């Protein structure tokens, strides 16, 4: 396509030529495709809309920005937005629709692990690509999925290290919502803490149902557990919605961050937007990005976001950065491959480095996870985080080293290995290989 | 006697419906498999999977209609039976993965491996046999319905109270299945299936067979339901719905009648769930959500409760609309859905099929009345019109 | 070691000096100039900053309190041009700078000309303890009490002498008691005699409470082995005293959960219980009430920030009117066509709930909105060995007063009379000249309005998002059915007993299983009493 050359030519003839050519291109467009479609698969209604709608907006913004820069491979991008309505089987149905009916080149979407598990077989069967932008429990590596959110070692373990070292924490409450991400993360953390010499009696694990709103008993239990004379901290894998009442109860029962700090893995700027954070100052969160990151690229991103949403109060958060990285990595891989063909992109994307929003770069690794720095932030009175620690970029570890059955597994999707669960002990692909 | 039972079921409209269903059941897979993808009459796999899902929902709605439309039990927990059937099928499919799971454990499903299960929980045993699993598909929902109904109907819990405790039942199951310690994969549920009876679940051929099975089971259940409601038992059933005390005074054991219907209905829902799972590729606790069960009620109401065809049409229409609107107007589809429910209850209180029937009947009655006025009317026309109801 | 001793001597000397001078002639209290120490914060990392704070505390200079306070609040900045440290307050796009020691204004500066001095939890702890030391002798009673609290929370032997001085001067009973406690705690980590420590353990024991156990357990490791028996005995004694309080606390939690259930269900007790409408949109009415609160607070924040503590009082009538009006519209537009077909109201109101949810989502967006707690609803106070949070207490009081008010309306007002007449025998009521359609409409509006004001209260403890209603609808139905449809007392007793039951199950089986068990118990209970706890008697039953 010759749109790029058009601006270069100043002569009337050149402009005419371009006009004619663009007219023919336009004619062809209806028969062939002059746009590249990408799918956006985020719930816009139902329980998950609260988190996922933002990511849909981010994707639309990224597509608009990319189109301003001339699109991809000289074609405009077109986002196909569907609403899987927080209904997991509907995710699979919509994924199938996006891939086989709308013929999208890649899909950006999902939030919960359930939704990802629901669409995974569809992506593998129809050989398409999914970019998954949310932190998750690990223990998965699909040929067709890129995990741009944090694996447990990119979030949980550095946070625990920070608390143990900088706050001198000796006693741990692992509080989570009763579902797979908290269960797995807590299993990993427990194994990790015990490998560091923490006694089992110094670890309290507590689970609550989804959307739990009465935290009185649990907060007072935490208080009780914390009054054993050792420095205590709470590691919270409490799911988004339940956090607001949890923090309100913490504030009201007078648990200050100086006494029992809470470090959360699911609480970001967006969740805090529904809270008065003054009583929470000093509680922590671990992510790979905070809105308060001091970097030019971040300032630029926030500005675009405010302009795009026409609301300068909208916050940015970590999954948005993950979506940003995933999108840019895909664009770069497509341009390197010269096609949107799935196999070609899967080959070309490994090793692609794109800027992340914390001022560095993130690289897509052969295990389909990416490198990112881990940031620990303390909640501020204005609902933002003050970054108290930043690590060097960490490679996402899909198979945790702290779970007995996954410590021998690695994933490498480069040829000739092309395996998501290679067992280094037995030297075979396919788990235990027994 | 049995032939009489079945024969009565095959009243004209049911025959037509079964014919259409089986026709679809054969034609859709045939068009999917036998025509080239670029042909105008080709049905893409995507559409077939979608429609297969609708057929499962239709079966679920039919099951609900049997208890609600004919027995007056508004169950707000039918999703639970559906999900249990689905889980039974899902467990079979999980066991078929065998050593192809990501950890390569030949016995334990993946989620058990990373949650440190040492051995298979007792309730997972036997699910590697297809026959056993298929038996469980109807036994488990049937048993739950039996226990639940045994207590509830004996204590004469009815009306709104019954609806609310069925909702409590599915809600409790939702919370229970969410728990990882239950051994059903927690909120992620069961997924990443590979084979069913040795055939890949992702192969077009398998999908075609599953689709046909869905249409077939729906047809069979339709015949069964029709047989039930047209039998003598069915007349009593309607009596229970309309005047429970009176039927009781006449000497019928109302609780047994209700219990039987409730159990049959739960088994149908279980079958629907079992067919649903391999076609959508996942079963998780979301299916237990009370809102899902309410939606089933809505499909039935939209189509027309107390008619057997209505729920099938309702389920297909509402879900088709949902698929279309969530794709075409993701931002506003809830307005459309909500508006539809209000409109149907206000303007089509008998549902689509019920209204059409009513309209037909009214026309018959009008015609009969006109004939009678002309002095040529005879009782048979009116009786026919009534029989058509 | 020597440096530490020297440091301590110096410190106590400094404190003593400070004490004498500050009491005698404050203007002479100029020893080492603290300004360079504060300015050094601009380049210090967290570890160095802790040391600097220690040095600042050692000056005993009470003028440092505002600077330390600002530091812990994150309001301390340094100017990039000269690395001088100031207290900064945002003033439009600029910062208003003041000198950290003298409090003199240093003019305004652009935001990017200064950098915030970073702070973390451990620094905050150090500051808290330092501030405690600096303010123990403050003339203000409140400040002294805070100081004693601060010292109590981060005890250190260094504050011991200072505490003793403060105690000898203290006249206020409560402050003195707190100081004595703080002294006992600080003493445990000091190098005083074993006997003194034994007395301290007794003192702490007498204060009791969870914190005392924590303090004793924490201190026990560092104590002389001969004291171990005393510590264990003290802990055991506190724990046995605490056990009864714990039961009381659990009952309180249960009642408080029950009051939330009552709030959520009470509107439904009218629309569902009295009118027989299976009102699936009830939860959305609660949500509308919560959003009304949000809008009211937003307006107050923008136009009259001083009224913020009144925001909930203002939101109550607003929420009542808004949701009442929505209820009126829904009744007139939809429900009035459905009387006599209760199961179909389920479908229509389900549709209404979807529409209301999506409307709110379209207007306010899907994310949580912030509803602030007014100051009188924040924090907690101790009652014996229990902690009572203010917001829970107000919510209990609030839900009970709504209940009473509703009861009065139903039983004493003519509208209530009409309402009961219509629900008991519509045709008879109609022939008596009651305008039944309007009674229906206003009954539904009343039920919705009450759901709305419940939303005002729930906004204080839960998320304000379009999903708010969904999370309460099932619980509400359970409560009404459990209590007995058509009976307000049933709803009250049902809500409170479910709340208490839940809270007594929770500690032993966990929150998830507890909730499941409660549901199973409800199912079983309904078998036993198919019409709920307080069944309506008489012919209405068979209707």
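Worth a mention:
Every chain is named by a letter (A, B and C) in the order it is written, and numbering of its residues begins at 1.
Everything below uses one rule, namely that contacts are C-beta pairs under 8 Å (C-beta built on N, C-alpha and C of every residue); 3 or more make two chains touch, one makes a residue touch a chain.
Everything numeric here is computed off the predicted structure, so don't read it as measured data.
Set against one another, B-C and A-C show the most C-beta pairs in contact at A-C.
A comparison of C-alpha centroids places A closest to the centre of the full protein. For this pair, chain A with chain B, the centres built from the Cα atoms lie 37 Å apart. Computed centre separation for the pair chain B/chain C is 47 angstrom, with centres defined by C-alpha atoms. Centre to centre, using the average C-alpha position, chain A and chain C are separated by 32 Å. Along chain A, residues 44-45, 178, 207, 209 each make contact with two or more other chains. Residue numbers of chain B whose C-beta contacts span two or more other chains: 175, 178-179, 331, 334.
Within chain C, the positions touching two or more other chains are listed as 357-358, 470, 512, 515. Per the touch definition, chain A reaches chain C in the complex via residues 44-45, 47, 49-50, 53-54, 166-168, 178, 206-209, 211-214, 216-218, 220-221, 223-224, 226-230, 241, 244-245, 248-249, 251-254, 257-259, 261, 270-271, 273-276, 279, 281-282, 284, 378, 380-381, 386, 388.
Residue ranges on chain C touching chain A, taken from their complex, read 46, 73-74, 116, 118-122, 124-125, 128, 153-154, 210-211, 213-221, 249-250, 253, 256-257, 260, 357-358, 361, 365-370, 372-373, 378-380, 387, 389-392, 460-467, 470-471, 502-503, 506-507, 510-512, 515. Those residues of chain B that touch chain A in the complex are listed here as 44-46, 49-50, 53, 99-106, 110-111, 113-116, 175, 178-180, 185-189, 191-193, 202, 276, 280-282, 284, 286-287, 322-323, 326-327, 330-331, 333-334. Remark: chain A residues 44-45, 81-85, 87-90, 92-94, 96-97, 100-101, 112-114, 117-118, 120-122, 125, 139-141, 178-180, 183-184, 187, 207, 209-210, 403-406, 409, 420-421, 423, 430-434 touch chain B in the complex. Those residues of chain B lying in contact with chain C across their complex are 74, 148, 151-152, 154-158, 160-161, 163-165, 167-169, 171-172, 175-176, 178-179, 245, 290-291, 294, 297-298, 301, 331-332, 334-335, 337-342, 344-346, 349.
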